[in-house]
Amino acid sequence: MFRIALKIESGLRYVGWLVLLICFAFFNSPVRAAATDVFAGQVGSLRISGGTAHIPVMKEVAKLIMEAHPDIRISVAGGGSGLGIKQVGEGLVDIGNSGRKPTDNEMQKYGLVLHRWALDGVAVIVHRDNRVQVLTRSRLQDIYSGRLRNWRDLGGVDKEITVFTRDQGSGTRKVFWKKALRKEVTTNKALVVASNGAMKSGVAHNPYAIGYVSIGFLDKSLAAVALDGVMPSLETVQNGEYPVVRGLYSNTKGEVQGLTKSFIDFLFSPSGRKIISDKGLIPAAR
Amino acid sequence: MKRSVRVGRPLVLAATAVGSLLTLAIFAFMMMLGRPLFSDHSLNLLLTQAWAPDRGLYGIFPFICGTLSLVGLSLLIAFPLSLGNAILIHLLAPRRLARFLHQTIKLMTGVPTVVYGFVGIFFLVPLIREWFFRGSGMCILSASLLLAMLISPTMILVFLESFAAIPTAHIRALEALGGTRRQKLVHVILPGAKTGIITGLLLALGRALGDTMIALMVAGNATAAPESVLDSVRTLTAHIALVMAADFDSMEFKTIFACGIILYLWTALLTLSLRYIHYNSTKLSHDQTF
Amino acid sequence: MTRLFDLLLYAFTWLCGLILVGAFGTLVVFLLINGLLALDFELIFGSTAIGDALFLKRVVIDGLLPAIVGTCLLIIIALGTALPLGLGAGIYLAEYAGKISKSFFSLIFDLLAGVPSIVIGLFGFSLTLYLHKHFTSIMPCLLISGLALGLLVLPYLIRSTQTALEELPTTLRLTAAALGADQAATLRFVLLPQAVSGIFSGIILAIGRAAEDTAVIMLTGVVATAGIPRSLFSNYEALPFYIYYTASQFRNQQELQRGFGAALILLILCALLFTLAGLVRKKVSKRLMAK
Amino acid sequence: MSKFLLSHPVTFYEGINACFIIDLDMKKIIETENLSFYYGKRQILDHISVGFREHAISAITGPSGSGKSTFLMTINRLWEELNGAKMSGRVSIFLDHEKLDIYDRGVSLSWLRRKVGMVFQIPNPLPMSIYKNLVLPLQMAGFKKKEYLRSKVETVLKQAFLWSEVKDRLPDDARTLSGGQQQRLCIARAMILEPAILLLDEPTSSLDEKAAREIETLLFSLKKHCSLLMVSHDQAQVKRVADEVLELVDGRISELFTTPSSIRSTKSGIGHFRP
């Protein structure tokens, strides 16, 4: 008898928990960010791919929207600018990001519409313990071409330089190659990574590494290198002192509409601009 | 009942046919999509040139070298390691320890390769970087060590199976002659397990050739052909994974189909040689019994 | 001389054992140290309330839930398509095939078993591109990945079905035949029920393989952020890709911790599956021995 | 012990194309004509022509390797499940006194094997419950009704003197039974399809004396339900149970004789030879 009572009691406890859980699920309604109200009532999915410098902003915006509106699904993939342009052109994604302006050829072929929502710089980075934190562009060329192999020659420790570079489709690579390396060919001994994020963590965890990332990825875990005496930062990029700058683009095929339009519009809204500057980039006007 | 006879056979035959067609379709598709490579560029250039898209060179020679050196080194590490472990478990270790080792190795076959890669990046790479004067730690050596860990369990299990398959009569005969454990090993077990050892080696080779994640995460993916074990390399598999994320109308994108075809052919060759060895050994044992 | 050889042999083999177990131990301990602390509800559900997440009321962004769900869905699709094919082909090879067709088809399936997973992923990807040209709505997605993974695990299923049937004692077949069973009835009433645990161990191995593989899904539609997929045609997240992605893209210590947690979860999951498969196999062979 | 007198050889031909008929009035159940059998290149049976009586226990004896078991397998065509075997000649069975060539194209294997049951040397219950073992042949033949299956199980278990021993443990694994019980179970399993002929391949050789005797008694009682053809190398057993005996040596007929008991029961024991 006692045993049965015990069983019932524990059973009840179960039910209690379940009820609590369900209440929790249904009444704990999310605090809706007013900024995403334009998405209210919209359903469907949005596919985004391409440039990896865009990812932190894209993820944050997607998170904000999806949390407030569970009926909307936004997927964010990397792949690089080249892939982004190609995929949006082929209709594989709704928004293709690129860290460079699509070429005229690309724009014509696919009928792309560009949305430049941020200004960005490409910063040279080293490990934060590295003593070498100032370089001239010709020194940088020496390092990336493989003519200069040891940090000792630059006043650093006696260790081989590990050169990081990006894959062929990267917009960051293209901008860096054109504006920082002045089209110097990169050594084929360089380690190749596939995204800004990978470049950042690769350099941050290797005391003898050098690489380059979007300034949005700069933080205390690594050291930015002053190029020709100019430290890469929001100000120097904005006032044009820092030489390696570019726009961040979100490209669509034809004029935007529906969910895609709302998403792009959000990037230019005050809350969108806030996210962009929170992520270390300079919001651009339409 | 009657109906199940009539339906059953065509049904399973259809399943077999679909499975086989898919297998062949893999090859056909890669040939189809990689065709421009064979017509525009001579195959020779593709296989011997360096990789420098900036200069219009789309050779995958460095990646072939990278793959072979990585796989070669990992086999060089894994083979003695596996043989030693197999001998230890089969012959030398006390029973309980042997069972423990055996279980551990079986468990190791289940470790996902991405986990090896993950631990490699955060544990092995910094170690290698500090131990050696040069290099970034993301190199052939680090990747081979991990790859050796990945393929050893497979090899050990095949070795053990072939050790166990040696007729006890042969071993008893040697024991009756007063043979020591070492003599048993040298005169009976190793010669008797020759086919099994080669089989294990080839299986492990196939596994190492086909692995993507360890090379992709740990070997550094540099596009130069390697000169030392501390150099960073890109394997054919990693090349596919990396360039896949590039613009797919370009010449470089098409090279990944060449990589795919090469990998397919290599593994097919391995499968065929395994067949051949197996066929020969069964024929041999057949001849012996009659 | 002999002594020395013996000594060297002992030293060498023990060293080998030590190295391998040591390496594996290091791996496990390293993951445990770094990942154990991360293992909690927040790892899986992120900042979303558990109830909301489970009832799909809110999207889990900072947790592993979408990745875990994605991996489970992949397994279901892969097994759902590969199982009928694998069982059918395995039964055909074991029971119906003639000598020549048997050796032909087993060669083909051996080839398939040898194909690297990235090549299978490439096949899935190029198939998608090809289909996309004709039907624009087809893109890399959950369904494509699941199908490609199905192709990856197909040889495991075929082989295990075939061996499970072939290693059944001949007396079983003779007995059934003597009782008036034709081939189909023998299969349905006697052989398959007997082979079921052997086949089951193959299925578990296939699940482990599908859960673990990264290369295939990397090429066929997995992404870093997608939430729990709504349809078969959407992008998705998966556990092994999450680990790969975190390894190179983590932005802070918290994300790295989650990566360790995910690696630990995947390791435990696969180890469990492989152990289970081993136990089932053991039971089978024991039973057959008893017979 | 000597319940039967020593048998007398009726015919003994070093023979080719010999057809033996024990009794012209006798009702035959099985007849073979020029039956030869090859396994690979080896000849197992060499032009055997012989007939067996209805509702009797016919025994086949001979040294090991003389082709006894093979002979048995030609009668339910079980040899066709083995690889590398070849057969020539004719084998017929008589159902309702109508002769039927069992190698005729129209004969379905499943049907034949339901009509010609078989019990093996080593008891071979399938690895499933006792009940499942018994109903399996019926299920495979397409019977589904639960009550019918149950009643049939009870009937055959009673026929096989096994009912009282196993009626409470039908769901148990059949392999938990003793050897003798297992063999009786197998006989019951074969009988559940109500065969006209029951083939027995040394059914008692793996059992102890006591279990063997039980089986023998069982076989006696089964004579009224069907005709039994049994391979046995145990001469004493043959004397105890067989109504007629065929002795094979090297695939040929060495002796064919009827035992006194059957002479009594069939009036005439004279064999006739027809070239």
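Think of it as A, B, C and D in the order they're written, each chain with its own count starting at 1.
Note that in this section a residue touches a chain if its C-beta (ideal position, glycine included) is under 8 Å from a C-beta of that chain, and two chains touch if they have at least 3 such contacts.
Every value quoted in this text rests on a predicted model; they were computed, and no experiment measured them.
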Problem - Most centrally placed chain, judged by C-alpha centres - result: C
Fill in the blank from the handout: Highest contact count belongs to the pair B-C
Practice task
Starting from the Cα centroid of subunit A, hunt down the chain whose centroid lies farthest away.
Solution key: D
Practice task
Give, as an integer number of Å, the spacing between the C-alpha centres of subunit C and subunit A.
Solution key: 32
Problem - Chain centre separation in whole Å, for subunit D relative to subunit C (CA means) - result: 51
Completion exercise
Averaging C-alpha coordinates per chain, one finds the centres of subunit A and subunit D separated by a number of Å equal to 83
Practice task
Could you grab the centroid distance between subunit A and subunit B? Build each centroid from C-alpha atoms only and quote it in angstrom.
Solution key: 36
Exercise for the section: Two or more other chains in contact with one residue: find those residues in subunit A. Expected result: 78, 193-194
Completion exercise
Among subunit B residues, those touching two or more other chains are 1, 248
Fill in the blank from the handout: subunit D residues touching 2+ other chains are 140-141
Problem - Touching residues on subunit C, where the partner in the complex is subunit B - result: 2, 5-6, 9-10, 12-17, 19-21, 23-24, 26-27, 30-31, 34, 84-89, 91-93, 95-97, 105, 107-123, 125-127, 129-130, 151, 154, 158, 182-185, 187-188, 208, 211-212, 214-215, 218-219, 240, 243-244, 246-248, 259-260, 263, 266-267, 270-271, 273-275, 278
Fill in the blank from the handout: In their shared complex, subunit C is touched by residues of subunit B numbered 1, 4-5, 8-9, 11-16, 18-20, 22-26, 29-30, 33, 80-85, 87-89, 92-93, 101, 104-119, 121-123, 149, 152, 180, 182, 185, 206, 209-213, 216-217, 237, 240-241, 244, 248, 256-257, 260, 263-264, 267-268, 270-271, 274-275
Exercise for the section: Note which residues of subunit C are touching subunit D in the complex, please. Expected result: 171-182, 185, 189-190, 193-194, 287, 290-291
Completion exercise
Counting only contacts in the complex, subunit A reaches subunit C at residues 21-22, 24-26, 28, 30, 45, 47, 49, 55-56, 59, 62-63, 66-67, 70, 73-78, 90-93, 193-195, 197-198, 200-202, 217
Exercise for the section: Can you check the complex and tell me which residues of subunit C touch subunit A? Expected result: 48-52, 54-59, 61, 132, 136, 139-140, 223-227, 229-230, 234-235, 248-251
